[in-house]
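Both of the next two complexes hold chain A, though its partner changes from chain B to chain C.
This part shows the complex of A and B:
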C-alpha cells in the first residue's frame, strides 16, 4: 500500500500537471485500441461469424445434397422413398428484390405441402404471437398458391399485403400469407412454395439443394456413404452448411489482412508510449536519484515507469472500448459491402461487445504500453543515484548508438528481403508479414542516423532560407536525437503504411482500369435489375439475346451465363460464353501470351476451360492441368488451356452473367440504346454503356477500399496527436532556452515560428522517411502479401496525385499539431523559466 | 540624459494570493560608462530591478526609462526592439544554448534581430573576451570561466547602451570570478557602456563606481566611489 501511495504521488500526480499532454497520449492509445477493437468486432460480425444468406430457415438439417447447376428433382423422390426415417427438404435458393424498398432478400422455395404440418406448425407457432388464429388457418389455406409468400417480420409487412418482387428480370405480384419472427432480420427471407419458386425462376425439374435430417445412428459419415450409392454421379452429399464453411475459409484472408492493417495505429501508439516514458525518465532523473538514495531498488524504479505506462494503457483501453464499439458500426457496414462485392451474399451478425472484447482491449492497451515502455523504464532503473541527482538532460540526448543501430537496420533489411522471397505458409503470407515488420523495425533503427544526417546537412541551409528560427529548430531536433528519431519513426510508420497501401490500391485500381479496357470491349451491357453481388447471377429471359441481336444497329450480342459451384471445398463461379463473339471482339490477355484466337479455338474444339488467375493460385493449378467438375448428374474433366487475369472478384470466376452488346460500325450508340430500352421495356433490366459500367466498377472498387483508407487516416491521426503531445513536452523541457531567447531579443512571433518550424521539420523528415519506407512496403504488399493472399497480379503504378494529396494533408496536420505547443511556448514567462535554475 | 532612470518605482507580486512588495518607491539613475553594483540579501529586489531595467517586466507604479524611453509605454514590438538595440544580459548560469557553437551563441542576438553576416562582429567580440580560436567549440567543451566570457561576448554583440548582469560570478571560483569582473569593468569603460551588476560578491562591489545597497525593496544606501 505505501508503494501505491508513493506511486500515486511521484508518478500519477505529475501527469495531472500537464493535462493536455497526458490526454493526448491517452487518446492516441485509445484510438489505437479502438481501431483494433472495431475491426475485430466488425470482422467477427461481417466475416468471422459469417453465415451464408442461403442458410436462412435451414433448420437443424444434418446433410445437404448439391451439384453444380441444380439437383434433378427426381433425386428428391429417390431420397424420400428410401427405407430410412429421413426428413427430405428440397429447396430452391435465389434472391428477390422487393420493388418498393429495393431490398434484396434470399428467396427460398420450400416444398411446404410435403414438409407437412410439422414444419408449417412450428413456423406458424412462432408467429402466433403476432398473428390471429384466423391468420394461421389462412397460412394452411394458401400453401399451394403460386402467388403466396411468407416474409420475415423485419421486412415490416402484414398478412394480406400485396407485394411486387423483382425476380431475375421480371416483376411479379405476390400476397403475404404469413409473417415469421426473424431474429432482428438475421433470418429474413422471402419464402414461397417450391413449385411457385421454380416457376418464378424458370428452374423447372431441378432444385438447388436438398437438406436431409437423418437419424442419430449411424454417424454422419456412414449416412453419407449410404446415400452416395443412390445418388447420380456428380451429385454430392455433404454435411449441411459446408458452403458456409467454404465461404468462411474464402473470407479468412480478407479478415486477416484487415486485422493486421488495424494494428498499425497500435504500432504508432507504441512509438508514442516509448517516447512518453523516455521523456518521463529524463525529467525525473533527479527524483530517481533521490528515491534510489533513500532506499528504492532498481526494480521499484523499473516498476514505477512501467506502472506509468500501464496507467496510460489502461486509460486508453477504457476510452478505446466504447470508441471501438462506435467505430465498429461504421466498419461493419464497409466490410459487409466489400464481402458482398467481392465474395458472397451474407448478412453481418450483430456486433457484440462481450467479455472477450473487453479483455482484448485491455490486453492490447496495457500490453502495448508495457512492451513499449520497458526499454526506457529499464534505462531509468540503471542509472546510479549520484549520476541521476546530477543535472544532465543531455544524457538522454547523447545515448543514441547511431552506427550500431544502422548496422542492425541493414541486417534487418536484408532479413526482410530474404523473408519476402519465401513462399506462403499454409496459404497465408506469414513471411510477407514478417518482411513488412522487419522493414518497419529496420527503418526505426535507421532513423537516428537518418535524422542526424539530414538535420546536420540542412541546418545551415534552413537558417539561410527561413531565418535563425529554422536554424535553431533544426539544431534543437538534432540535439534531441533520440526523441526526434522516435517521433519521426512514429509518424513515418503511419505515413509509410499510408503510402504503401496507397500505392498498392492505386496500382490495383490502375490495373483494374487497364484490365477493364481489355475485358469490356462491348458498347452496352445488360443485366437484370437488382443489387449485384459476387455470388448472385440472376438471369435474363431466354430469347432476349436473340431478340436484341435482331435490332437494327446491333452487330452482336454476347451471352454469358454464370453458376455457383464448389471446387475443392472452395466456392467458385462457372461461366459459359458465346465463343464466336468472344473470338471476334475480345482482347483478353492470357498468361501464356498466346493470341486469343488460338486459345479460344482450343476452348471450342475440346473439353477445355480457361480459368482465372486467383483460381489457379487458390488451387495450385496451371495451364495443361486437368480439373474435374461436378455438373448436374455427371462429373467431367476439363483441360486448362490457359489462364486469364481477373479482378472482378476473389472467387475464381470466369465471367459475369449478362449480355454484352456490340453496336455495328456506323450505327449511333444512342439510337441503338433507345431501341434496346424499347425492346426490354416489359422487363426489369439495367442497361449500362461501356463508360457507365467502368465508372460503376471503379465506384465499387473505391468503396471496397474505403475501410483501408479509414484505417490509415486513424493511424496518421494517432501519430499527429503524438507529435502534438511530444512537442508540448519539448516546449516544457526547453522552457529555459525559449525564455532566454526573449532576453536575447527574440520577438514573440519568432518563438512561435521556432516551434512551428520544428513541427514542420518533424513532418518533413517523417514524410521523407515514410515515403521511402512506404515504397519498400508497397512492393511487399503488391508482390508478396497480395499475391499470396488473393492471387492477383498487380502492375506497379505510382498514384502520384493521391500520394501528393495525402502527404500534403499529413504535413499540414503536423504543422497544425505545432500550433498549441507554440502557443504554450509564447506564453511561458521568461523571468520564471530563466531564473528558476 | 541618464541611460537608465528608475523613478519612484514599485513592483508588487502576488504569491499564493498574498501581495509581495519586491520594490517599494525606488529611484535610481545610471549614466553611460557607469559601473553600478547592487548588493543586498536574497529577496531584497536586485533581480526584480534588473528585470525592470531590461524591459522584461514592468513596474506596478512609477516609471522605468531606458535611454529616455518609458518601458511601460512600449508594446511587444517596441520592447523587443529596445532589448535588441540597447540592452545586454548576463546570467549566473551563463545560459548558453548547448546546441549551438560558441560563434553561433554569440551571433544569436544579431540573427534574431535579422542582421546578416554577423560572424565578423562575433569574432571581434570573442577577441574582446580573449576567446579567439574557440569559436567552433560547443559550450560543453568550455570551462565555466570561458562559458561566462562567451555570455559576455554575446551580451556585447549588438553594442548595448547598458549591460545587466545577475550574479555573473556566482557559478565561478574566486580567481575566475575576479578575472570576469575585471573584464567587465574594462569593456564597459572602453565601450562607454553602463553596467548594473546584482551581486553578493565583495570583489564585484569593490570594482563598482556606484554601490547601491538594497533592503526590502528600497535603496538603503548609495555609495559613489
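This part shows the complex of A and C:
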C-alpha cells in the first residue's frame, strides 16, 4: 500500500501539475496507437478478409476447372456424365454496371435449370410460407427469357423491377425476377442463366469456370489427378478459390508494406515518450533524492518510472482505440481504392474491433511506452541521494558519449549498407527493412554529434544575425545536448520518413508519366464505359475497330485484348496486340535496348512473347527463357524475346483491353473525335484524348497513394505535437535560468524570442537531419524494398516542389509549436523562480 | 402412365401458349423399333421409366426406379445456342432396400446444354448427367450414380415391345389427342450390381420399362392417378391405371393391358377390371398425404384376383422444390389366384395427387 501512495505522490501528482504536457504525451501515444490500429483494422477489412467478389454463390465447391480465355463448354458435359457423384456448376463471370447507380457488380451466369431449385430454396426459407411455391417456381418460369436477372438483396431491388445494365459497351434492359439473400459470404451480384449471360456477353462456346463439389473420399489431390485425365490439355483443375488465394498472397505483401509504414508514427511516438520520461526524471531529481534517502531502493524508483510509462501507454492506448476505429473507416476507403486499381476487384469487409485489436493496441501502447522509458527510468534510479538532494546545485547533466555514439552510428550505417545489398527473403524485403531500421538507429546515435557540431557553428552566426537571444537559444540547445538530440531525432525521423516516401512516390509518379508518354502514343483511346480494374477487362464489340478505321481522318486503330491468366500460381495479364500497328506507332522501351523493329519482327513468330519487367522479376525469368502458358485447351510454350518496362500494375500487364486510335497527319483531332463519337453513339464507350488518359492515369495513381500520404501526415503531426510538449518541458525545466534572465533585465519579448528561436532552431536541425536521412532511406525504398516486393524499376527523381512544400509546413508547425511554451516562459514569476536559487 | 405430373407441372409453368407447335398422340401411329425407343421432339412431353424388383443371393430384396423426363420448352428456331433451354430434362432415381427398411431417392433437372442430358438414337443413349441408359443391341445397360448408392444393371428384354391402348394410342381423357403413345418392355431380365456405401451387392431380378410421349393429354378435372405394373409368376404381365377426378370419382378412361406368356397383348377397358384400395393407409410424415398402400385387383375375364401390398411403406418421392409433385412409387408384392390356382408376383405401384391436387392448369 505505501508503494501506491508513493507512486501516487511521486508520479501521478506531477502529471496533474502539467496537464498540457501530460496530455500531449498521451495524445502522441494515442495517435501512434490509433494509426497502427487503423491500418491493422483497415488491412484486414480491405485485404485480409479478401474474397474475390466472383466467389459469391460458389456454394461449397471444392475444385474449379479453369483455363485462360474460358473453358470449352463441352467439358461441362464431360464432367457431368462422369461416373462419380460430383456436382458440376459451370459459370460465366464478368461485371455489369447498374446504369442508375453506376454501381459495378459481378455478373454471374449460372446453370439455373440445374441449380435453380436449390437456389430458389435458399430464398424460400426467408419468405412466408404462402410465397414459397411462387418463388421457387419463378426461377423456372422466366428462365427462357433473355432479360431475366436475379439480384442480391443488398442491391435493394424488388422482384419485377426493370433495370438497365451496362455490360461491356452496351446497355440492355433487364427485369429482376427474384432476390436472393446476400449475407453469409454471398455478396451482391447480378445472376443470370447461362444462356442469358452468354447472350449478354456474346461469349459463346466457353464458360469461365466450372466449380465442382466432389465426395469427401478420396482426397482433393486424388480427385484432381482423376479429373485431369479427362480434361483437355491446358484445362486446369485446382482447388476452388485458388484465384482468390493468389490474389490474397499478393495483397498480403501490400498489407505488410502499409503496416510497416504505420509503425513509423509509433517510432516517432517512442522518441517522444523517451523524451517525456527523461525530462520527468530530471525534473524530479530532488524528490527522487528524498525517497531514496528515506529508504526506497533503486528497484522502487525504476519501477515507479516504468509504472508511469505504463500509465501513459494505457491512457494512450485507450484513447487510441476509438480513434483508430474512426481512422480505420477512412483508411478502408483509401485502401480499397488502392486494391481495386492495383490488384483486384473486391469489396472491403466490415471493420471489426475485436479482442485481438484491443490487445494489439494495449501491447503497442504500453510496450512502446515501457521500452522507451526504461533507459531514462534506469538513469533516475542510479542517482545518488546526496547529490540529488543538494539544493542549489546545478541540475545534473545527462552524460552524453558523443564520440562513442558516433562510432556506433558509423558501424550501424555500414551494417545498413551491407543489408541493403542482400536479396529478398521469401519474397519479402526483410533485409531492406532491416537496412532502413539500422539507418534510423544510426541517425539517432549520430544526432548528438550532429547537434553539437551544428549549434557550435550556429551560435556565433545566430548571435550576429538575430542578436543575443538567438545566441543564447543556440547555446542552451547545445548545453542540454541529450534532450535536444532526442527531440531533433524524433522530428528528423518523421521528416526522413516523409521525405523518403515522398521521394519514392514522386519518383514513381514521374516514372509513370515518362512511361505513359512512351506507351501511349496514340491520339485517342477508347474503352467500354464499364468500370475497369486490374482484373476486369470489359470488351468492345467486335467490328468496332474496323468500323472506326474506315472513318476519315483515322490513320490506324490498334486493338488490344487483355486476359487474366495464372502463371505459376500467381495472377498475370495476357495481352495480344495488333503487331502491324505496334510496329509503326509504338516506341516502347525494351530492356535489351535493341531496336523495336527487330523485337517485333521476332514477335511475329507464333511462339514468341514479350513480357513485362515485373513479370520477369516475380518468376525469375530472363530473355531467352521459355514459359508455358495454359491457353484454352492447349499448353503452349513461348520463348521470351524481350522484356519491356511496365508500370501499369505489378502483375505484369502487357496492355489494356482498349482501342488506340491514331489520327492521320493533317486531320483535325477535334473533327476526328466528333466523327468517332458519332460512330459510337449507340454504344457505351469512353473516348479519351491522349492528355485526358494521362491525367486520368495520374489521378488513379494519386488515389492509390493517398493512404501513404495520410500515414505520413499523421507521423508528422505526432512529431510536431511532441515538439510542442518537449519545448514546454524545456521551458519548465529551465525556469530558473529563464527567471534569472528576467531578473538580470531580459525583457518579456526577449524571453519569448529566445524560446521561439530555440523552436525554430530545433526545426531547422531536424529538417537538415531528416532530409539527409530521408534521402538515404529513399534509396533503400526505391532500389531495395520496392524492387524486391513489387518488381518495379523506378527512376530516381527529386519531387522538389512537394518536398519543399512539406518541409515548409513542418518547419512552420515546429515554430508554431514553440508559441505556447514561449507564452508560459514569459509568465514565469522571476522572483519565485530565483528564490529557489 | 407414370409420374407425368412432374412434367405436366413444368409444362404448365414454362410453356403456356406453345402447345399448338407440338403433335398430339392420335390413333394410327406407326411404331418402328428401335427408332421409337428414342426421342420424339415433335411431342411436348416424353419419358422413359425403369422400375424393377431385384434380389440379392442371400434373399435380400431391392426395388429401384430410374426415370428420364423430357419436357419441351421452346422450339423457337432463334434460340438454338448451346445453353438455350429447348427441353428440360428431369430425372428421378430411387432405391428401395425392402428388407433393410430404407428408401433412397434423388432428383435432378438439367437442360441439354453441351451434352449434359439428352436422348440420342445414334449413340443409343438416354442420359441425364451420370444417370444413363446405354443400348447394346437389344440389351440395355443402366448406370446411375448417387452419393449414397450406385446402380449398374444389364436389362435383357424377354418379350417384344408392348404397345398400350387401342390403335397405338392410350387414351387418358375425352377428346382427340388427350392420349399418349405408350410402349412398354414388360419383362426385362435384370442382373448387375448395387453399390451401397462400401458394399457391392450382386443382384438379379425383373424390370419393367415404360416409354410414353404425348402433348397435353390430361384435362383440368383430373387430379391424380393410381398405376400398377404387375409381373406374375406365370410369366404374364399386367399394366393397370385409373385417373381420379376432382369430385372423387374415377374417370371412365381407366385402362390396362394384359401380356400373355408369348407376349401377345389384350387391351383392358375400365369395365374389364376392378382396382380398389382396401382402406389400409400409410401417412407420409413429410407431406401428410395418406396413401392407400393395399390394393385389390379383380379381372373377371382373365379369372385373376390379386392383392397388392408393399414390404416397405415409406417409398414416397418428395421434391426439394414444389416444381415436381410428391408421389408414392414403390415395389409391391402380389398374392392371389388365377381361376383356382394360386398366383403370386411382384410389381410397382404409383400413386399421385394425394398430398394436394396436382395443378393441371395455370
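By our rule, the second predicted complex is superposed on the first by the 807 of 837 C-alpha atoms of A that agree within 3 Å, B and C clash if a C-alpha of one lies under 4 Å from a C-alpha of the other, contacts with A are read in each partner's own complex, and residues count from 1 in each chain.
Note that in this section a residue touches a chain if its C-beta (ideal position, glycine included) is under 8 Å from a C-beta of that chain, and two chains touch if they have at least 3 such contacts.
Computed from a predicted structure; not experimentally measured.
Going by the contact rule set out at the top, does A:468 touch chain B (first), chain C (second), both, or neither?
In the superposition, A:468 contacts chain B only.
Once the structures are superposed on A, label A:74 by its partner contacts, choosing first (chain B), second (chain C), both or neither.
second
First (chain B), second (chain C), both or neither: which does A:742 touch?
Only chain B is touched by A:742; chain C is not.
Chain A residues in contact: does chain B have more, or chain C?
C
Contact-wise, after the overlay, does A:453 reach chain B, chain C, both or neither (first, second, both, neither)?
neither
Taking the superposition on A as described, I'd like to know which of chain B and chain C A:20 touches: first, second, both or neither.
neither
Contacts for A:359 in the overlay, against chain B (first) and chain C (second): which applies, first, second, both or neither?
neither
Please indicate which partner A:84 is in contact with in the superposed arrangement: first for chain B, second for chain C, both, or neither.
second
Does the superposition put A:195 against chain B (first), chain C (second), both, or neither?
Touch partner of A:195: chain C, not chain B.
Taking the contacts chain A makes with chain B in one complex and with chain C in the other, which residues are shared?
none
Would you mind writing out the residues of chain A in touch with chain B in their complex?
394, 463, 467-468, 471-472, 475-476, 478-479, 736-737, 740-748, 750, 830-831, 834-835, 837
Of all residues in chain B, which touch chain A in the complex?
Touching chain A from chain B are residues 47, 51, 54, 56-57, 76-77, 80, 83-84, 89, 91, 93, 95, 97-100, 108-109, 111-114, 140, 154, 158, 166.
Name, in rising order, each residue of chain C that touches chain A in their complex.
Those residues of chain C that touch chain A are 10, 13-14, 73-74, 79, 81-85, 88, 108-111, 113-117, 127, 129-130, 132, 143, 145-147, 150, 319-323.
Would you mind writing out the residues of chain A in touch with chain C in their complex?
Residues in contact with chain C: 73-78, 80-85, 88, 111, 113-114, 116-118, 120-121, 132-133, 136-137, 140-141, 143-144, 193-195, 198-199, 204-205, 215.
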